[in-house]
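Lettered A, B and C in written order, each chain numbered from 1.
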Amino acid sequence: MSGSKKKRISTASGWQMLVLGGLLLLLPTAAQAARISELVDTDFAQRAARFFTFQDASLRDALLGSMLLGGCCGMMGAFLVVRKLALMGDSLSHAVLPGVALGFLWHLSKDPVAIFIGATLAGLLGAGTVQLLRRTTRHQEDAALGFVLAAFFSIGICLFTMIQNLPGSSKSGLDKFMFGQAAALGREDVMLLAVVAVAVTMAVTLLFKEYRVTSFDPGFARSIGLPVQALHYSLMLLLAFAIVSALQAVGIVLVSAMLVIPAAAAYLLTDRLSLMVLLGAAFGVMAAASGAFFSFAGSNLPTGPFMVLSAAAIFAAAFLFAPRHGWLTRWWRERCQAARVRRENLLKAMYHALEQCSFITEQISVRELAERRRQTLEEMHAALRELERHGLVTVAADRSVVSFTPAGWQRACEIVRNHRLWELYLTRSAQYAADHVHDDAESVEHLLSEATVMQLEKQLNYARRDPHGKLIPGLADIQRGARVTPRDTEAGGML
Amino acid sequence: MTDLIPEFSWETVFLTPWREDVDLTIWIVATGFLVTTACGLIGHYLLLRRLALVGDAISHSILPGLVAAFAITGTTALWASMLGALVAGLVTVALIELIHRHSRIKPDAAICIVFTTLFALGVAMMSVLEAQGSIHLDADCVLYGEMTWVAIEPPLQIGGWTPVEMPGPVLRLLLLVGVLVAGIAFFYKELLLTSFDPGLARALGMRTQAWHYGLMGGLALVVVSVFESVGAILPVAMLIVPPMFAAELSDRLSIRMVWTVVHAAAAAVLGMHLAVWLNCTAAGAMVVCSSALFVLVWVGGLAVRRLRLRRVMRGGGA
Amino acid sequence: MESALELHDLTVAYHKKPVLYGIDLAVPSGKMVGIVGPNGAGKSTLIKAVLGLAPVAGGWVKVFGKSYRENCKRVGYVPQRESVDWDFPVSVMDVVLMGRYGHLRLAQRPTARDREIAMQCLDKVQMLPLANRQIGNLSGGQQQRVFLARALAQESDLYLMDEPFVGVDAATEAAIIAVLQELREQGKTLLVVHHDLANARSYFDQLILINMRLVAYGDTVEVFTPEVLQATYGGRLTLLDDVAQAMARRPALDSDRR
């Protein structure tokens, strides 16, 4: 009791230390806050140190902004992925470009609020156009999305070049919207980002139940009287928010990556939408922060590509190593399974060898076993060594004969029992011919669970003989162990 | 706002380009026409296979191929970039397949993941190379190409001899369109069948997967050929919009192909004039015109159907 | 007695899909009604039209004497199993709780009572032990039971079910029928789209036989005759088909205006 209390106190003081330290770091930097681009140290390590000590106010803004947008995008991305709207994200993120340009034209400066409003409107207009195209033409969804992407983006590009040719306008601010520059995030941008993040989080939390049911089964959602269309557009509005919030740091071209990739990684790791939203947000934050770091440490490289590459690394890890859906984990599982099947087949061959000599001896010659399995002696020795490692057989010292351990005997009996029960089931219940059931049973014998076997036995009235007249090992034989031969061996020994 | 849209005058917008700098005008229009035609022709098959956005994906993901080809060979020679782009295009298609076949990620998300990652890789490589000072690839060029520069490039020369008096890139585009037209004419029925009914095609013993990869290879080739004139993002417009335009006007693939060519010509000429008027990028303006043409036939079609219906109703009432 | 479901001259037209043509129907409450017809006859479309999921071109639908919107809380729906993505990251319990959403306000969380009802419904279809499974890890029969449990959780008076017996094992089919019969005992009305003529007779009190138009509606013993079945399954009427296609084109234009 007192121990845990003490521990809690110590962790609390640890936190306080951290916060205090952070505050101490803040004090001097307020005075020497410099634009990141003005920094002159070019050493990678120096820049990395600078990054992690959070010395510059502008750097803190950039990092905070990146993390906010990463979280926002990851959260919305989860819905995009489960609704199969990933390409809608791509389309809308290109479609906001004319809105950005018009927002810029409002004051001829990079006013975050004007750009935000312009881009959101353009995004919604794009989403509406997709729906309209779908409803009034026979074009498929992909064509409609492609058209919106193309048409809006080209208008944006034209406006963009027109602005560049305007006398007296600085094009530097707008340029960053293409590939992103987290360093360009100012204090107002971060404030706006924070507002957007809070708004998106609130909307998602409040309407989570509705978004879940409309995403899973829109027909059912309509049938219980939910405003499915309105919810769809509200989701598109939130999506536009997320896209616009990410524009500056990630860039128009790559926003869709920040939407989809973290969420797709989360999709591989969890079976719950709520968890997926949280994980997506967490991955988004991680990717954005590390992207910002690499961009800063590598002397002001564009941020967007590095954020996307970090996200892609997270996705690749999930794709390969996810506990249930990972590619490598599944490959490994299949390999283990194949090895198990090989082991079980060898055990079965040993059982057959014993059966053939009516269980008179307990020992099987390795040579005979090798002939039976059509393998060379070396291969057989290797296979037996593996069985020995699993504690299923004991090989004699001169490696010429082999016998079951109790565990091995039990497993062998189980496999033979599964095989013969399945053969019997197929001939009796599915009316297969007796000579057509062996191959099927070969694969099924390794898959039957204990419960299924019980059911099978019950359905077959605890039959003792398989369709070929061989004895099916019963529970009693399995439990009695290798020392005692199965009953009725006089009949069971025949081929 | 008023400075943004220059004053419109027939004189400067429509006549001057053809009076002064006729050569430049002709070559810009020719480039636009050839690019739109090439993309449009292959775009039909993307649309039929519901792969419109795979075109988008490939046009983005050739970028790392181009940069890698440059980094490895040290030249910007045509064969190197073609090879790089082709490899990148096929890698994209293979990666998309890998992801959606070996996990529960749906194809749309797989496309999005693959091409954005590859594009990010390309941009990252580019900016690292640029920081080292070894190349200067313009970001603007990636985004919307440089049609005007393409049009003033010197003609292709073989050992001091000039075969045709046209800028090198335009000649290459012309060759590309020639190859495409020949390929489509030659394999018309195979491409049609594998696109329309892959099941039947497979039953007839055709290797649909090979045709798929072949088409994707062709797409990569088209996209890399048009890269220098229109960049990495606008090709998707030229892949999708002309076929959509043609689909509104005809139900037969061969006639749609003809409409694509007509549309390409109209978009190129109108786009050039728009670019002259608004003083903006020619490639972007051509896509705007191309989209506007589609909107015209789309809304026009709706209106005509509505009118016809009204006439029928009135006739029925009387 | 008030009809549970009343259709008057209902015409449904999709862009290129099968259509329903002038359906008149009044289903009394407390009956278990099968909807039977050949492929593409519009069985599912009929249900979807009632629910407002298919574009109604003419006629009207009344549920317990009111429009569907007003009475949607009194209707439970079991869609076809293929209509959803079974990879979707939700658990069995989440799906059954969705049945309670109709009784909750916007942005309101499900209460403890809702959870309790959902548990009871899961128990009724013997799926309680699997409540925390992801839905993709279930067999076809189990997935169908989850959908049934969700409809039960809606606590409705009229249930519309779209092919609940497709791709399920015999045990599940028996379990579903038992639950449906129990619902009928409680005075609920059930409309079930069914494709298997062999057992349609034993399952349902009444049958609706459709093939684009209503062929027959009545007590099973009366309408389940060779003549009626011949009329239902004996091919589509070509002329009706053509006219219906023409009708289908018109509402598509009307929907532009909406």
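Note that in this section a residue touches a chain if its C-beta (ideal position, glycine included) is under 8 Å from a C-beta of that chain, and two chains touch if they have at least 3 such contacts.
Treat the numbers as computed from the prediction; the structure is a model and nothing was measured.
**Q** Kindly work out which chain lies most centrally, taking the average of its C-alpha atoms as its position.
**A** A
**Q** Any idea which two chains share the most contacting C-beta pairs?
**A** Greatest count of contact pairs is found between chains A-B.
**Q** As a quick test, compute the distance in whole Å between the mean CA positions of chain A and chain B.
**A** Roughly 34 Å separates the two chain centres.
**Q** Roughly how many whole angstrom separate the Cα centroids of chain A and chain C?
**A** 35
**Q** How far is the middle of chain B from the middle of chain C, if each middle is the mean of its Cα atoms, in Å?
**A** 47
**Q** Mind pulling the chain B residues that touch 2 or more other chains?
**A** Residues 104, 302 of chain B touch two or more partner chains.
**Q** Enumerate the residues of chain A that touch no fewer than two other chains.
**A** Residues 84, 136, 267 of chain A each touch two or more of the other chains.
**Q** Could you pull out the residues of chain C that touch at least 2 other chains?
**A** 136, 256
**Q** For the complex, give me every residue of chain B touching chain A.
**A** Interface residues on the chain B side: 1, 3-5, 47, 50-53, 55-56, 60, 99, 102-106, 108-109, 111-113, 116-117, 119-124, 127-128, 131, 139, 143-144, 233-234, 236-241, 243-244, 247-248, 274, 278-281, 283-285, 287-288, 291, 294-295, 298, 302.
**Q** Note which residues of chain A are touching chain C in the complex, please.
**A** Checking each residue of chain A against chain C gives 82, 84, 135-136, 206-207, 209-210, 212-213, 215-217, 219-226, 267, 270-273, 275-276.
**Q** Please give the residue numbers of chain A that touch chain B in the complex, ascending.
**A** Per the touch definition, chain A meets chain B at residues 80-81, 84-87, 89-90, 94, 105, 133, 136-140, 142-143, 145-147, 149-151, 153-155, 157-163, 165-167, 175, 178-179, 253-254, 256-257, 260-261, 264, 267-268, 298-299, 301-302, 304-306, 308-309, 312, 315, 319, 325, 327, 330.
**Q** Considering the complex alone, what residue numbers of chain C touch chain A?
**A** Its residues touching chain A are 48, 51-53, 69, 72-73, 75, 77, 79, 83-85, 88-91, 94-95, 98, 101-102, 104, 106-110, 134, 136, 150, 154, 255-256.
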